[in-house]
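In order of appearance the chains are A, B, C and D, and numbering begins at 1 in each one.
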Amino acid sequence: MVDLIEPDLLLHSLMGQQHQQMINDFGPNLIRLQVTNQIKELQTVIRDRNTSRSDFIFYADRLIRLVVEEGLNQLPYQQHIIITPTGGSYDGLRYEEGNCGVSIMRSGEAMEQGLRDCCRSMRIGKILIMSDEETHEAKVFYAKFPPDIHSRKVLLMYPILCTGNSVMKAMEILLQHSVDEEKVIVLTLFATPDGIHSVLQRHPQIRILTSEVHNVVPLHFGQKYFGTD
Amino acid sequence: MVDLIEPDLLLHSLMGQQHQQMINDFGPNLIRLQVTNQIKELQTVIRDRNTSRSDFIFYADRLIRLVVEEGLNQLPYQQHIIITPTGGSYDGLRYEEGNCGVSIMRSGEAMEQGLRDCCRSMRIGKILIMSDEETHEAKVFYAKFPPDIHSRKVLLMYPILCTGNSVMKAMEILLQHSVDEEKVIVLTLFATPDGIHSVLQRHPQIRILTSEVHNVVPLHFGQKYFGTD
Amino acid sequence: MVDLIEPDLLLHSLMGQQHQQMINDFGPNLIRLQVTNQIKELQTVIRDRNTSRSDFIFYADRLIRLVVEEGLNQLPYQQHIIITPTGGSYDGLRYEEGNCGVSIMRSGEAMEQGLRDCCRSMRIGKILIMSDEETHEAKVFYAKFPPDIHSRKVLLMYPILCTGNSVMKAMEILLQHSVDEEKVIVLTLFATPDGIHSVLQRHPQIRILTSEVHNVVPLHFGQKYFGTD
Amino acid sequence: MVDLIEPDLLLHSLMGQQHQQMINDFGPNLIRLQVTNQIKELQTVIRDRNTSRSDFIFYADRLIRLVVEEGLNQLPYQQHIIITPTGGSYDGLRYEEGNCGVSIMRSGEAMEQGLRDCCRSMRIGKILIMSDEETHEAKVFYAKFPPDIHSRKVLLMYPILCTGNSVMKAMEILLQHSVDEEKVIVLTLFATPDGIHSVLQRHPQIRILTSEVHNVVPLHFGQKYFGTD
């Protein structure tokens, strides 16, 4: 599902040669879903201001599941030889235990159900980041993690990566909990080139997985998904 | 998500050069999901005789959704320019109306919910094929279609394509209903090389989409999914 | 959730004293969901010809789940003392194993997912009844059951019970498979008084569970749910 | 589904005459689900310390949906005459617009998906209450509501009502947003008599809907559902 080399033809007209070059410059730690027509359609519905909330949630959930499936694909697997019902042996793969999800509130919470749809008992932590009323500085107000998060791989969920500030703030608290930078995969639906650059510059070992890299991202996502300000 | 040229590296050791060559010989009408680790894991769980029914259904549903998403990707889209909430215009895609699903009983019915999870009001027809008690010949006993199926694209659902006989029998009744061969996409999870060859030889215009081509296919699929003989 | 004595006040104006009397005359083997406002709303949406297919499926699925939950409630339970996380003991109940679902095609299949939503690995069998082309008599064309169905309780699913003929035909094949009449619970959304009478007269031991008893039932149910003729 | 008068027979042995009396003393603003065998089973699985996380989530989601359905039933409906596909008129009910859900973090969030399963575009707000680090007083740290919440009915979601402090703190912030006390329905799975008394004493107009009133409530709910401390 991943295609770092061949940008989708349909996007060709939207992005000049320079932009495409830039995308490839992010290096191997940016992972993009291959943008097929059906994914492009999901992105279109999510960006469209005339989409009803019911449709928005349905299409967003589909895109989230596809990003989550690819996120799971980035986690470690090990060889697993099983026996089939007819007694044959089959050289398969098994997902390694020891992962968890962490959502950055509020919009990241929209991705929790998608994660559970694919991994029904994955532990899901949560981080709340707000501006301090006095200093106006972004601050972690609340964090709830699995107790052994330092030994787990982390799928960090945040659908719209714009400046990257929230993800970087979330990384601070994760590092304080002894999570290895290289064990974190950011799952995001839409990301800006600047946001990706900022995050990867500060944290060169983490991976970012997104369905689209674009200067304009649908900032209304959380508001529309939950119907709140 | 589609990769016709580069077989997955993990499969490399399983399949000799000859087998790989054969896969590529199916031509452009065989569409294979790119076999990532996570898809390989889903296939492993489905093939494992020790998998509980509850897990079997959960993992099968995940693989079905991925096949359905890629199936939807094969359908026609058209350019669709929308306006974003900030007033910008976005050059997107829209799924073209005029499709339907048809499941071949019984195992194909396991794919109906996955189709509805991705396309909540798609019309879903159904075909029952059984052996005639006297002649022992495969015969269509029951068929229920959207009334205007001749003007629709058809996602023909059958999870295990082994000999290809059921799919070919289903094609007979679809052709009798004036469905164009080239409008049919067979959605299947596991397919044998022989089955694919037989179907494509008889119906060179239809497309077959599968997550794996392998001589051994999990024939216990429907029985385990539904828990019936 | 069951209320055999006190008909809902909202229905009072719709049904004369005579009709109410008749409802109570069905005896203890007719089980009616208590018709609350929210259930009445679900019934209204399903009956409304202006309901979109997407809404129809969503509301039908809600009503189906409520009927299924009450159906599960009719199955046998046994005392089950468990230990809580704080070490206390709790005198609870456990669902007894040994049940299965059977859907009567085609409309009954709409209830399969609802059953799975409540009971994720329940085995689900299926019966196809059609008119013989020559004799025009209703005939079982296809039946697929769990191999040990004779030792199981059966939730027989058919959303619209009108004449009762399909249910009675299904009972014939179940009895041939040595299912005890008293082990069958018919799960239906809408039922006519005549249909209920016919079924209970022929099979006095089976139970019928419905959300509404009314002379007019939404016969378009299966067609609208699946979008086929 | 509501039964204020006749306590379930199965609970009879668990609770003495005195306890039953007390339950009835809560007045009409305490609404209890009728405790059927299947609901008692769901409660048992949730209380059992040996339940796996996967089962816990599945059974909790079922109980949540039943509480949500009854919560929706408590909202206002209006008469709605519709036309059936055969041209008949049907005297039905329609759900009145103007409601929203609000979850109290963290455990209340477990109920959000259940609400969305029944009401797919209902707006869902959120409240975070924590102890102030210095004063140790409970404090609202975060609240996100639909902009027009003052004109909406509110389903306030919190699965385990123990002391009632969180619900009362949540009420403070709701009242500050001009929500009418009488427009609030607390949806909870398990509640203590003391907690109910405290909440109803302070806010006599709000309604509390629960599946069980018991001195011991499963305080591990949120931790087990999400797998975090």
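Here is the rule we go by: a residue touches a chain if its C-beta (ideal position, glycine included) is under 8 Å from a C-beta of that chain, and two chains touch if they have at least 3 such contacts.
Worth saying up front: this structure is predicted, and the values here are computed from it rather than measured.
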Greatest separation from chain D - chain, by CA centre: B
Separation of mean Cα positions, chain C and chain A [Å, integer]: 42
Intercentroid distance (Cα basis), chain B paired with chain A, Å: 28
Between chain A and chain D, centroid-to-centroid distance (C-alpha), Å: 32
Chain B: positions in contact with at least two other chains: 58, 120
Topology of the chain contact graph, where touching chains are joined (line, ring, star, complete, other): ring
Residue ranges of chain C touching chain B (in the complex, touch as defined): 52-54, 57-58, 100, 105-106, 109, 113, 116, 120-126, 128, 130, 141-142, 144-147, 226-229
Touching residues on chain A, where the partner in the complex is chain B: 1-2, 10, 13-14, 34, 36-41, 43-44, 47-50, 58, 62, 65-66, 69-70, 72-73, 77, 80, 82-86, 88, 90-95, 118, 120, 216, 218-220
